[in-house]
Amino acid sequence: MRLVNTLLSGLSSGVVYGLIALAVVFVWRSSRAVNFAQAGQAMISAFIALSVYSSTDNWVLALVVATAAGFLVGAFAYVVVQKALRSEGESGALIASLGLLAVLQAAAAMIWGGEIRAFPAPVSTDGIHMGDTTLLLSRYDLLVLAIAAGLALLLTLFMQRTRLGLAMRAAAFNGEVARISGVRTGRMLLLGWAIAGAIGGIGGVLIAPLSFLSPNSFDIVIVFAFTAAVVGGLDSPVGAMLGGISTGLLLAVVTNYSDAANAPIAALVVLVITLIVQPAGLFGSRTVRRV
Amino acid sequence: MRFVTTRQMVALTATAMVAGLAAPASGVVRIPAETGVTAKTITLGAHLPLTGPASPGYKDVGPAIKAYFDYVNANGGINGRSVNFIVKDDKYDPAQTKRVVSSLLLQEKVFAIVSGLGTATHSTVVSDLNRRGVPDLMVLSGYSGFGNSTKYPKTWPGLPSYIVEAKIISKFIADTAALNSKKACLLYQDDDFGRDAKKGFAASGMTFASSLGYNAALLASSGVKAQIASFAASKCELVVVFGVTAATANAIGTSKALGFNPEWIASSVGADKKTLDDLGVPKALLTGVYSPNVMPVAEDTSDPYIALISKILTDAKVPVTSYTIAGVNDAYLVAQAIKAAGKKLTRVKLLAAMKKSATFKTAAFVPFKGDTHQGYTGFYIGRYDAQLVQRRASAGVYETDSASGPVTLTSFVRPAAPAKLIP
Amino acid sequence: MSRIRHEYWWRTLAWIVGMAVVAVAWVLVNDRVDALWNLRLAYVAMYAIALSGMVMLVGHSGQVSLGNGAFMAVGGYAFALAFMRGYSIPVAMLFAGVMGLVVGGVVGLVAARLSGPYLAGLTLGLAVGLPALANRFPDLLGGDSGLLLDGPYPPERFGMEFPMERWQAWVAGATAILVFAVMAWLIAAPFGRSVRATRDHEPAAALTGINTAATKIAAFAVSSGCAALSGAVLTQILGLAAPGAFGVGLSLSLLVGVVVGGRQRLLGAFLGATMLALLPELIGNWVTARELPDRLGLNLPGLVYGGLLLLTVGLAPGGLATIARSRRR
């Protein structure tokens, strides 16, 4: 029973890591770059959502506003990082995304303050009763799972089945060739980053009620989300989700059965093992790239 | 492939040598005025968590003390000098504490450090301050080690020790019929703060069915959900929390989500109700929570000291919480010490004045044992009622020591409050 | 043949003289300024040591690491453990440096195989995970409060008035001069050429007989050794080895320092170090002078760092060092 509860407690945070990993994967697939500012963007969206939620008491509205904010911040991130991407390639974009992360955290602390604060959940976070035992799964956790699953599905369909999705993947894989075929690569990259920002924003709003919110509380989420993305495979949205869930479950087990301080070490170990054994991840494409 | 040419190297060195020789040599002997004291001002410094995991509640202590000294300055200062109180943020991170205190000593050149906050944080600077002869007054930590007058003759704790608190909690549980039969569990911060409390519990012979630690640095991201879940699984009926306010908040909040409903006893440094409320703990859950306290409560406006302190804080728009009340009271003690040290103010004279602080006026219900560096050595146990006013739940105010001495009821009577809270 | 040897010996002599001259200048300047400036100079030297390693790793080897703060932690804790057991400063620092080389080599075995985001992610994980080990072994490593050192104090023959900060500046400066000399030599030597060749075109480099994997791993080890020595110096300045001193923020600062300073040249390491050591204080003083509210003031350094990073990468990817160079033309 304890194991079941432990796994359940890791499920909802795992799903959120999956969402942020999804955003990472999205950017990777659409522009072959990793955006380390992702968690910072999610944090900003969560703060915006908190402001909206505190003043209007309407969580759905807050979520929508945060998603829109995430979309815009994502687009902004792309514009900011774009020059670096063009002149320096991957490493330049990476460094620029770190610069953006620092700017976002400082800006958030300036606007909302650096203290940690609580984000109220829209529905009950009480465990669901089954007979006389209480499961460590609440209505809120179920809501998170539902939203995340829907989002992952939506994205996969978008990338695989729509023309726009195809155009985005083409632009990422080989900009020159895509341009020749008529794809507006610049616009595709912008859209990719914007969508990733929106996904990250939703993730931020969903995870905030699970502990405290502050400009730095998502720092560790970057590491976990990145681990999830790598484990699942940087070019697989499904992999990102599953990677996130497994990371969440693993961390819950580690926290519960040993110590909370061991969690980052555990994530590091998983990352190292994955990178040694199967760098492409469990679901990533191996040598053949299918566009 | 050299990084500078030979010519550049020579030029650079020559410039450095000229600059070095031109600057006044620091070997000239000058009779030093006392650091941090001028004819008109005294400069005091503090390291406090303005941001980070411990900032909820504690960040107001800086403005509170500043408000107090502004009030003192407006009322003529101390022996004709006004007090300049500088606060630096150490984010509750021991490495940062080192840097900001270095800065306070070397750059702002403070006369004394007053109300440095945190156990792990202050531990990094306490030896150095003592070595340099800098008065280290009213440390906002209950770590019993700061009361060691042999090791730290220039340090006085500003809070009662955690060992004292743990022993008094143990006695209260043992004496209270409703509590002494319950299965007890302990949640503690996994550093010297929490370990000190464990020492106190061991000294009084109290045992817990389960004792779990949490890491302060990870508090903001992981909370204490796992530990509370474990307590729920073990069916604890009484949970003692020895941690910062955010930990108490997360513990109580998570327990509701689990449908887990024990009795709560929260350490005095983690139980301020306004902070808990700000952190999202519903009022219904705070009702019935026990917590030790050594000061009168904010709502007790008939208490003359509280009336004075509240006015100073509200006039300066600083929240009136148990932490800010304690902060102002400690600053009042420091002001009395500075006054007693006289017009010819030196660090040595301030330290001598602190030794006599047992005679100073204080709002606390136990004396401040300045001569032994023990500071406050007692608590009463309060309990939040339905309006979240802390009501006296223990038979009286207890006193004990940080060793194996017994817990007894105190006979201390507070000195009459002054008309104005100035020395 | 002998003419080249002659030149080699002359150049080495010039280098040794140069180092001696810089050392003397360093001591003279530090003797004349107050303790606060001693501390600032010590920080400059400390950062310079770490950044020289970053120049090798990020600049010459092209491996963008986000985890050198973790290697600094290795060196800092190694120094603390040795010093607490009574070993002298040089011995403890040697120990720290060797630990850095070893750990860097081990990490390099995994990391050197990776590129771009995978490397960044791994090293980021390292930056977050390694300091957490302090809580895993609290008895040995002191947990969150860390290992507090009693000292290092200046040798007694300097008298009681000799400020601790001045001694720290001396130790930091001496280490920095030695490290810079070694790094300059490595960069100019065939090793440096192999490193750059591997960065520029790995398959071609392999074809010329360079063991590219070993080269990349060695670059990792060297940079980690520098970071470890820098960490040992930081531990001496703080008198403390604690996880908070070596957090993710430090790793990111190092990256900012080497990118903004200039990642191809050791001069860039020096410029970046000066920025890292002095900029936060400058900003802090500017904030206090204008009496800005805490919220703005406390976070301004982070904003400035982020902004500088973006500006540099966008406008002057070579960093400050290259701006200085191109101006001279």
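First chain written, first letter: the chains are A, B and C, and each begins at residue 1.
Everything that follows uses one rule, which is that a residue touches a chain if its C-beta (ideal position, glycine included) is under 8 Å from a C-beta of that chain, and two chains touch if they have at least 3 such contacts.
Given the structure is predicted, the values throughout are model-derived calculations rather than measurements.
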Viewed as a graph of touching chains, is the assembly arranged as a line, ring, star, complete set, or other? complete
State the pair of chains with the top count of C-beta pairs in contact. A-C
Compare the CA centroid of chain C with every other chain's and tell me the farthest one. B
When centres are defined as mean Cα positions, the distance from chain A to chain B in whole Å is 39
If you average the CA atoms of chain A and of chain C, how many Å lie between those two points? 32
Could you give the separation in Å between the centres of chain B and chain C, each centre being the mean of its C-alpha atoms? 36
Where in chain A do residues touch two or more other chains at once? 109, 113-114, 219-220, 259, 261, 263
Going by the contact rule already set, what residues in chain B reach two or more other chains? 50-51, 190, 215
Multi-partner residues in chain C (2 or more other chains touched) are 135, 298
Touching residues on chain A, where the partner in the complex is chain B: 1-2, 5-6, 9, 109, 113-118, 120, 125-127, 129, 134, 136, 138, 210-212, 214, 216-221, 252, 255-256, 259-261, 263
In the complex of these two chains, what residues of chain B are touching chain A? 50-53, 55-56, 59, 190, 213-215, 218-223, 225-226, 229-230, 232-233, 246, 249-250, 253, 256-259, 278-280
Of chain C, residues touching chain A in the complex: 62, 64, 66, 110, 113-114, 116-118, 120-122, 124-126, 128-130, 132-133, 135-136, 248, 252, 255-256, 259, 295-296, 298-303, 305-310, 313-314, 317
Going by the contact rule at the top, pick out the chain B residues touching chain C in the complex. 1-4, 6, 9-10, 12-13, 16-17, 19-21, 23-26, 50-51, 89, 93-96, 98-99, 102-103, 106-107, 119-120, 123-124, 127-128, 190-192, 215-217
Would you tell me which residues of chain A are touching chain C in their complex? 28, 33-34, 36, 80, 83-84, 87-88, 90-92, 94-96, 98-107, 109-110, 113-114, 219-220, 222-223, 226-227, 230, 234, 259, 261-265, 267-268, 271-272, 275-276, 279
